[in-house]
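Two complexes, one shared chain (chain A), two partners (chain B, chain C).
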Partner chain A sequence: MKQSKELSERTLGWLLLAPVGILLALIVLYPVAKLLISSFHTIRLTEPWLGEPFVGFANYVRAWEDERFWGALWNTILYIVITVPGSLALGLGLAMLANLPFKRKWPVRLALLLPWALPLVFAGLIFRWFFDFKLGFVNDFVSRFGFDPLPWLTDPILAKIAICITIIWKSSSFMALVLLAGLQSIPKSLYEAAEVDGAGKWLQFKEITLPMLMPAIFVALIFRTITAIQTFDIPYAMTGGGPGDSTETLAMYIHKNTLDFLDFGYGSALAAIMFIVSIIATSGYLRYTQRSAGRD
Partner chain B sequence: MAQVNLARVTKSFGETKVIHGIDLDIKSGEFVVFVGPSGCGKSTLLRMIAGLETTTSGDIEIGSERVNDLPPRSRDIAMVFQDYALYPHKSVYENMAFGLRLRKTSEEEIKRRVGDAAAILQIEHLLERKPRQLSGGQRQRVAMGRAIVRDPKAFLFDEPLSNLDAQLRNEMRTEIKKLHARLGKTIIYVTHDQVEAMTLADRIAVLSAGKVMQYASPDEIYNRPAAKFVAGFTGSPAMNFAPAKVSADGASVMVAGTAIKLGYPRTSAGGREATFGIRPEDISVGAEHANEISARVVVVEPLGAETLVTIAIGAEKPVEMVTRLSADIKLAMGDTVNVSFNSAKTHLFDVTTDMAITS
Partner chain C sequence: MNLATMKTKSMVMLAGLIVVVNGFFPAIWILFTSLKTESELLQFPITYIPRDPTMVNYYQAFTEKPLHLFILNSVIVAGASTIITVFVAALAAYALTRLKLPKRNLIMSCLLAVSMFPLISLIVPLFQVMRELGLLNNYLSLILPYTVLSLPVCTLVMASFFQDISPDLEAAAMVDGCTRVQALFKIVMPLAAPGVFTAAILAFVNAWDEFLLALTFLSRESMRTLSVGITLYQGEFAFPWPLISAALIVAIVPVCILIAIFQERVVGGLTAGGVKG
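Our next item is the complex of A and B:
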């Protein structure tokens, strides 16, 4: 009697969980599973007579031997390594600026929000005009100091620099918003206590702001890293991956393979690789949150 | 150890003046309490002494050095905050050592001082813990420890006990008093609790609306309040007040149609309206005193050791007063009793200025 009651409670539990389980399966598990399955098949819409044969790891081996894939991967890593710390530094500065006791807070908050609210492609297009060789504001600025105008978007290195600047500008406002929330949760009395204890502004920043802000910095870094892995819109709008494929990212190369070349099998394999890279980055975050949860 | 002097100190936030020309002298080693209701400016005044608020005008001196333009870290004071303001990411030891490290104290000396302070406050077993692992009372001790290790010229306490429950508050109050006796340092302590003020202070500054109403010993404040505000703020239950008419010779007053003799004549107020005041413990019931007055018992509130009895005197427009009686005196609501007022402990206040009438 007792056992059947326990069993029915168990069943009820599963039943109650079922809607969420089904929903998660539909929107998370199914697409990921479908992606992984596709990556082990040849699916070329340009050659439909081939069918969809199972090819094992052939698509992954192809990626391993594909120089353009490595180029795109290195570009993506370069954008991560430069723009993530860059937007953190700029975002922290902006957050601290916005946290100053302004009489009117909303213009500052609005200025902070605007780059974030702007669609990525628009940001890319705006900066493409900024960096334009003939008409751009950057070259105008440079030439006012007596320097020659620079081929910002047609030189492989300069194009990377221009893209990084744009990404940092665009993403630092998100960083600033997350960090501003963190800053505002630090009690004012801690700064006063430190002030009485003898700490100047720099020491207050080092000893109170930074350690107290660590959780917020970590969350911001992880979100930013994941979006950096998926960098697509800004280089797409600014250079289209050029000159050549020197500024192409992994996401752009996946897009090219699936939507331009209609090679869904190979595109899926590349997307699976990107997925694995994201998982590795996220696991660091998960480990951190688990550790801090255990500590409390 | 140092004296603290305030001369004509004012503070304005924009157009709003919150501190109106305060003069105070705090002797070296003295325990001074700023007390007053919320918004009276007591915390602002303390923060001005700490340097956390600027001083609009006037002079603040710590140890005969004018500190108006010095930042808090150069004033050599230590402060205990209402929310303790312990650094959450540092251990108790590091919290206490932080100020010393910034002053380039040697590691050996830091260890000794933190050890000594921890021993005084009985928190030696907590040194490795983080603030979040401590109870409210323990955090309070750590906050005091952080102040003690610095060995500053003066300690500033900003409502340090208001976040604790009643029992712990009493315990910590005793601890603070012991600490002062042991260290002998100048302490400036802000509270809205008159019991804390009365029990802790050598001298109390009673503040109201940015002004010092009276600055005197607890005994003086309680027994010779300079103003009706001070009289009403100290003591629990508060002093009884009643509208009164002073006799022509100033020797007695009429309250609710009843004549009450004053301890000494107030000739300056002869024949005028005034506010009569008497503390609950200075009204006795049934005793054989000179001015016995008939009264009706309105409410009886037994507290165990004593009983608070609200009585009404006068027939036409009765005036209610609270008395504090021994628990042995058994009274019931509606009883008629004879009460008498201790003439020596009667007070008289001006109806317009609210200041005490003393001559």
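Our next item is the complex of A and C:
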């Protein structure tokens, strides 16, 4: 009797998990399989008479020889390398400021939530305007200090800087929220003890805050990296990849190949490359969580 | 009050001011711009506070483009995907916290892996799948992926809330003749209402904000969601900033109100998904 009850509990468990399984199979597993298969075929909707022949690694070889792909990959890596530490630094700063003993907590909390809730593409639109050559307030500021206005969005290097600033602003608030929760979980007694021992603020930060915050920093960094790999909305809204394709990211190039050039085979190969890059990052994260779970 | 405490107090005030300005200035800028007239906007040097506030941009934002349809589309897509996400995630969270399942940790790890999955790399095959199913320019082509997008974090958030509810209550209910599933919906879900709510807000904001899939799957103008509709406001030559600002304010305000009311829960949910993982 007891055995049958346990069996039915297990059956019920699988039944309750079934909707998740079906959704993941339809939206993730099946498309992943389709993606990998497509990447080995030529699928051009503009030339339907070609059919969909198997071409082996031809699409990957094409990517290897495609300068625009390397440019997009390089830009994506550049955005990751600059904005991940950048938003960590700004986020940590904001979290430290927000952790001070305010009488009213809600304005500060709302100020951290607002950029998080703002759609990425809207942040791109708004900052595009901040950086507008003639009507933007950044150049207004610059010229008030007696400098010449800068062509922020039409110069390849300045455009990258403007995009990085926007990404850092937008993503630092999520960083700050995660780090703030980490800060608040550090016991006050540690600081009191350090105070008694005569440790200064900087020493307290280095010896207590940073080590205790490490797990939260790590989680925030991984999530930031994963989203940075997929950077699309902000450059799309700010420059559309221009001038030329100097600010284009991998995600934008994939989108262009599929939706504008209707070259699904090549687009799939590019997406597969992005997929592999993400898996490498994700597996590193999973290994870390499993190790820390084993410690407990 | 002595000088030292006054100094610390003003330092704390200054710190708060920095955080608040950093968070609010783009929204304030957009609000001011939405109240400017076209001629004031094109003035040089630029003005900061509108000299001659006008509401005409809000009127035009609705007449130039079908902004009301964009709002409706966003509400339908975000609302439906939120309801489905919460329902599906609640079932999964219950199974993972209450029932003795083999490989429970493996399932949790898989969910976490999915939460970090780059959905963007799937636009190509998803586009093909939606085309095959005839779902392009259909709300379902967004509702289903958005559900998957929020499913992992919502499951984790609800699981952490379910864990805090005593199993005795369910046991009592089941002695009274409730089934397991009835116990979930009549006992556990109401008691875990804050968690359910948190999950719902996270799912709603995720769906409300998404851009790339909406841009790709709903190409017809009348089907566009707010994020896509407003981004594509730009005309052939000029960028109608006052109109866009007004439309942005219309799009941002509902979400702002939502997170302002439930800010503590949103923060709790965000960090539960992040820090516990």
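Here is the rule we go by: the second predicted complex is superposed on the first by the 271 of 296 C-alpha atoms of A that agree within 3 Å, B and C clash if a C-alpha of one lies under 4 Å from a C-alpha of the other, contacts with A are read in each partner's own complex, and residues count from 1 in each chain.
In this text, a residue touches a chain if its C-beta (ideal position, glycine included) is under 8 Å from a C-beta of that chain, and two chains touch if they have at least 3 such contacts.
Please read these numbers as outputs of a predicted model, since none were measured by experiment.
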| item | value |
| --- | --- |
| Partners on chain A (chain B, chain C) - clash or fit | fit |
| If touched residues of chain A are counted for chain B and for chain C, the larger one | C |
| First, second, both or neither for A:L26, with chain B first and chain C second | second |
| Chain B versus chain C as contact partner of A:L97, first or second or both or neither | second |
| Chain B versus chain C as contact partner of A:V219, first or second or both or neither | second |
| Contacts of A:S173 with chain B and chain C, given as first, second, both or neither | second |
| Contacts of A:E207 with chain B and chain C, given as first, second, both or neither | first |
| Touched partner set for A:E192, first chain B, second chain C, both or neither | first |
| Which of chain B and chain C A:A123 touches, first, second, both or neither | second |
| Touching partner for A:I82 - first (chain B), second (chain C), both, neither | neither |
| Chain B versus chain C - smallest C-alpha distance in the overlay, whole Å | 10 |
| On chain A, the residue positions that both chain B and chain C contact, one per complex | none |
| Touching residues (chain side chain A, partner chain B) in the complex | 187, 189-190, 192-200, 203, 207-208, 211-212, 296 |
| Chain A-facing residues of chain C, complex | 12, 15-16, 18-24, 26-27, 29-30, 33, 41-42, 44-46, 48, 87-89, 91-92, 94-96, 99-102, 105, 107, 109, 111-114, 116-129, 144-145, 147-148, 151, 155, 180-181, 205, 208-212, 216, 227, 230-231, 239, 241, 244, 248, 251-252, 255-256, 259-260, 263-264, 266-267, 270-271, 274-275, 277 |
| Chain A partner contacts - residues on chain B that touch it in the complex | 50-52, 71-73, 77-79, 81-83, 85-89, 98-99, 102-103, 132, 146, 150 |
| Residue ranges of chain A touching chain C (in the complex, touch as defined) | 6, 9-10, 12-14, 16-17, 19-20, 23-24, 26-28, 30-32, 34-35, 38, 94, 97-98, 100-102, 106-123, 125-127, 129-130, 134-137, 140, 143, 169, 173-174, 177-178, 180-182, 185, 215-216, 219-220, 222-223, 226, 229-230, 232-233, 236-237, 251, 254-255, 258-259, 264, 267-268, 271-272, 274-275, 278, 281-282, 285-286, 289-290, 293 |
